[in-house]
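Quick one: the structure is below, questions incoming.
Order of writing sets the chain letters: A, B and C. Residues in each chain are counted from 1.
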Amino acid sequence: MAAAPEVIIPYHEVRDDLWRPLGPASNRYWIALSVAFAVAAWGILCWGYQIYAGIGVAGIRRPVFWGFYLVNFVFWIGISHAGTLISAILRLTDAGWRKPVTRVAEAITVFALMIGGMFPLIHLGRVWVFYWLIPYPNSRLLWPNFRSPLVWDLTAIVTYLSGSMIYLYLPLIPDLAQLAEETKGWRRRLYAALSLGWTGSDREWHSLEFAMKLMAGLILAVAVSVHTVVAWDFSMSVAPTWHSTIFGPYFVTGAIFSGIAALILVMTVVRRALHLEKYLLPKHFNNLSKLLLLLSVAWLYFTAAENLTIWYGNDPKEMQVFGVRTRGGYAPFFWFMVFCNFVVPFVLLGIRRLRSITTAAIASACVLVGMWLERFLIIVPTLATPRLAAAWGHYAPTWVEISITCGTFSAMVMMYLIFSKLFPMISIWEFEPHPLEPEEE
Amino acid sequence: MAIDLDRCTGCQACVVACHAENNLPVSDPQSAAIGRTVHWIRVDRYYEGVFPEIREKHMPVLCQQCDDAPCEPVCPVYATYRNPEGLNVQVYNRCVGTRYCANNCPYQVRFFNFFAPEWPEPLALQLNPDVAIRMGGVMEKCTFCIQRVKRSKNDAKEEGRPLADGEIQPACAQSCPAEAMVFGDLNDPESRVSRLAGSGRSSRLLEELGTKPKVFYLQRGK
Amino acid sequence: MSVYLSGDFPSVEPATKAIRDLKSRGYGLGDLVVFSDEPILFPPGVLRRPSHMSLTAVLGAITMFLLASGFVYFAQHNYPLITGGMPIFSFWASGIISYEFTMFGAIVSTFGCFLWESGLIRKREDAPVPPIQPERIHLRVRCRPEQTDEANHLMLRAGASEVTRL
C-alpha cells in the first residue's frame, strides 16, 4: 500500500495552528479547568484530613500495610515513562515520525513524576518529618539509611524529575524565543525570561542539538533505573512472590506499556481539543498502536513467565498467594486485568481493519485500567497472604484513598490544561520538515 | 527465649500481661474487625490432623529479635536496628511511618499505630510509667521488655554482682502459668535458655529464610 | 569599529558557498554567525565550532560518582548502625545511589555546558542580531569598514537574496 503523499503545510498556517491554543481561553476550557481544580482541591483537602486525623482513615491495616497509595505511586511513575520512550528511544533511533509527539510525551512525564513523587509523602504515617529521608547534617548526627530501597527511590525520582524537566525545557527554548516576539504583556515577559535571550545563532543550535542528543541517552539510562528501583521496593523484600528477580524488567516493560497508553489517550484528547488534526496524523497513532501492541505482548510474556515459574516451583507460601490471586478472592481482578492488558489491545489494534484513532484510545484506556489493576494485584494479595497463615487479612480502600486517587488524576488534567495554554504542544522547529537541509538519504 | 509448645495451653495470659506491661493500645470493635489490633505477642492456633484425631497446637508468636532481621535494612531512617545487646530495637521518635519494615517481617509481629492510641477510662490510669506511649503514625513491636532488662541490669550493677540466670523476666514469661517461656542469655552456654535451645526438641520459626531468630520453639516430633 | 552585514540566503548551498568564500578571504569563525529559526545542517567542516560537551558530561558524571560514593561511605560509617546483618558499607547496596548521582552529574553538567557554550548565560556582545525570517538563513559577517564592499560582493555572488547593514 503506497503511503499517502506528504501534505506540505505552509509555514504561517503551521504557526497559526500551533499557537492558536495559546490565545484566549474558551468557555469549555474554563469549565474543564474548574472541574479539574475542584476535584484536585478535594483530593488535597482529604489529604489534609488524613494528616490531621491520622493515617487510619485510609484502608490500610495489618497485614496489608501498603494499599492504594503505593499502587498509585508505582502507577504514576510508570506513566512517566511515556516521554522517555518517545523522546529518547525514538530520538536515538532517529525515527522522524516522532517529532510532533515529543512535547506531549515529555509533559506527561514531568507531571506524572510530580504526582507520583507525592505518593511516598501521602502514605507516610508521620509526613511532617518526611525530611528525615534527606541527608542533611543534624543534631542527632544521623543520616538516612542508604541501604533502604526507599532512599534509593528518593534519589532515583529526584534525578529523573530534574532530568525530565531539563529535557522538557531544552527544546522549548527556541519556541519560547519566537513566542516572545509575537506576544505582549505578561506573556511576553514570561517567554522572554524563559528563553534566556535565545537568538537562533548556529552556535546555540549546535549546542542545543548536541545537548539534546546527550540528554536522550542519559534520560533513557535514568528512566530504566528509576522504575527498576521502584520495582526493587518489592523484590528486595522477603514477602512471598515479591522476592523475584524478574521484577526489575517486568516493571520497566509495564511502565513503558502504560506510558504509551497514556500518551495515546492524551494525544487523542489534545488532537481533538486543540484542533491539531493536521499535525497528529493517523500514522502517528498507527505507529504508537503498533508499539502498544508489541508491549502488550511483552507484558503478557513477563506475566506468564512470572506466574508459570511460581506455579511450577510450587513453593507452599508462594502458591498461597498465587491461588488467592488467580483462583481466590482476587481472581476477578486478575482475569479482568489480563483482558484489559492483552485481549483488548490485541483485538482492537491487532486486527488492521479495527485499528483507528478511536479504537487506539479505547484500547489505551483499557490498558491504563489494566495496568493499575496489575500494580494492585502485585501489592495487595501478597501482603494479605503472609507466610504465617494466622496473620492473613483483607484490604478495602476508604473514601479518603479513593478521593485522593481521583484528586491526583484530576491534578494531572489540571496541570496539563495549564501547560497547554502557556506553551505550544508541538514545537515548530522540530516539526517542520527541513527544506533547508542539503540532499541526503 | 525458649518457648515450650508442649507446655503451652493457649490460655493467653502472656498476651494480657504484655498489654498491661507495655501500654498496648486497646482496640475498638471496628478496628478489630479490619485487623488493626495490636498484640505484641499473640497465640496462633493450628489444627493438625483429621477428625477425630485432631490436635490443637498453640504457638505464642512474638518478635523473634532476629540477628539478620529483614525489617532492619529497609527502614529509610534507621528507626529500627540491632543494638549492641543483640535486641532489634524500634526507635519510636525516629519512625516516619513508611511501614516497609512491617511488610518485610515474615512473622508479621510488627504493629502500626494508625491513630494515636487511646485507652477508655479507667484503663488510662493503669499505664506503666516505665514504658513510653507511642504516637500515631509510629511502628511498634515486642521489645523483650527492655525496661525490665535495663532495670535488672541496673540493680545488678548497683549491687556489684553479675546477672543471675532467670533474673530478667519479661512480662509474658513471668505470667505464664505453665512456665512454658524461658528467657535468658543465649551467649551464656550454661543458662537454661541455651540448654533448651540446644535440645533435640528445639527449632525456630521460618528458619529457612535465614533471619536467625532468637526465639526457640520446643516441641516433640517437628 | 566593526561593521556588521547580514546576508539573507534562501537555502544551504548558497550560504555554504558564501561562508567558504569569506573564509578563504581571511574571515575567521568568530566573524561569521549564522542565524535561523531551525537548526541548519551544513556540510562537515564548513562551520565547525569546538565543543567540550561530551567531555564535560563525562567529567561531571565521574565527579558526582566519586562524591556520592564517598558521601555514602562517610555517612554509613559516621554513625554505624547494624541493620539486618548487612555490612556497614557495601558498594552494591549503595551502587544505586552512586549510579543515580552519576547520571545526575552528567545531566546537570550537560545542561550547564549547553548554557555556557551556546552563549546564553555569558555576557552578551553588543552585536546586532538580524531579524529572523522563517525558512531563510541569515549570515552575519563582522568586518572592518574598508572590507564592507568586498564582503557584500562575495555574499551576493554566492547567492544571497539581499545584504543589509545592521
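Please note the rule applied: a residue touches a chain if its C-beta (ideal position, glycine included) is under 8 Å from a C-beta of that chain, and two chains touch if they have at least 3 such contacts.
Owing to the predicted nature of the structure, the values given are computational and were not obtained by experimental measurement.
Asker: Using CA atoms only, can you tell me which chain is the most central one in this structure?
Answerer: A
Asker: Which pair, B-C or A-C, has more C-beta contacts?
Answerer: The greater number of contacts lies at A-C.
Asker: Approximately how many whole Å separate the CA-defined centres of subunit A and subunit B?
Answerer: The answer is 43 Å.
Asker: Between subunit B and subunit C, tell me the centre distance in angstrom, where each centre is the average of that chain's C-alpha atoms.
Answerer: 64
Asker: Once you find the CA centre of subunit A and the CA centre of subunit C, what distance in Å lies between them?
Answerer: Centre-to-centre distance between subunit A and subunit C: 31 Å.
Asker: Return the residues of subunit A touching two or more other chains; collapse runs of consecutive numbers into ranges.
Answerer: Residue numbers touching two or more other chains: 142-145, 147, 151.
Asker: Quick check: what residues of subunit B touch more than one other chain, meaning two or more?
Answerer: 70, 73-75, 78
Asker: Subunit C: which residues touch two or more other chains?
Answerer: Subunit C, residues with two or more chain partners: 81, 83, 86, 93.
Asker: In the complex formed with subunit C, which residues of subunit A make contact?
Answerer: Touching subunit C: residues 11-12, 15, 135, 141-147, 151-152, 155-156, 158-159, 162-163, 166, 170, 174, 178, 196-211, 214-215, 218-219, 221-222, 225, 229, 232, 428-429, 432, 434-438 of subunit A.
Asker: What residues of subunit B sit close enough to touch subunit A in their complex?
Answerer: Residues of subunit B touching subunit A: 31, 34-37, 42, 44-46, 61, 70, 73-78, 94-100, 102-104, 106-108, 111-116, 135-139, 205-206, 209.
Asker: Which of the residues in subunit C end up touching subunit B in this complex?
Answerer: Against subunit B, the touching part of subunit C is residues 81-86, 93.
Asker: Going by the contact rule at the top, pick out the subunit A residues touching subunit B in the complex.
Answerer: Contacts found on subunit A: 53-56, 59-63, 65-66, 120, 123-127, 129-130, 132-133, 142-145, 147-151, 154, 233, 236-239, 383, 386-388, 390-391, 393-394, 396.
Asker: Quick check on the complex: what are the subunit C residues that touch subunit A?
Answerer: Per the stated touch rule, the residues are 11-13, 16, 33-43, 47, 49, 51, 53-54, 57, 71-72, 75-76, 78-79, 81, 83, 86, 90, 93-94, 96-97, 99-101, 103-104, 106-108, 110-111, 113-115, 117-121, 124, 129, 132, 134-135, 137.
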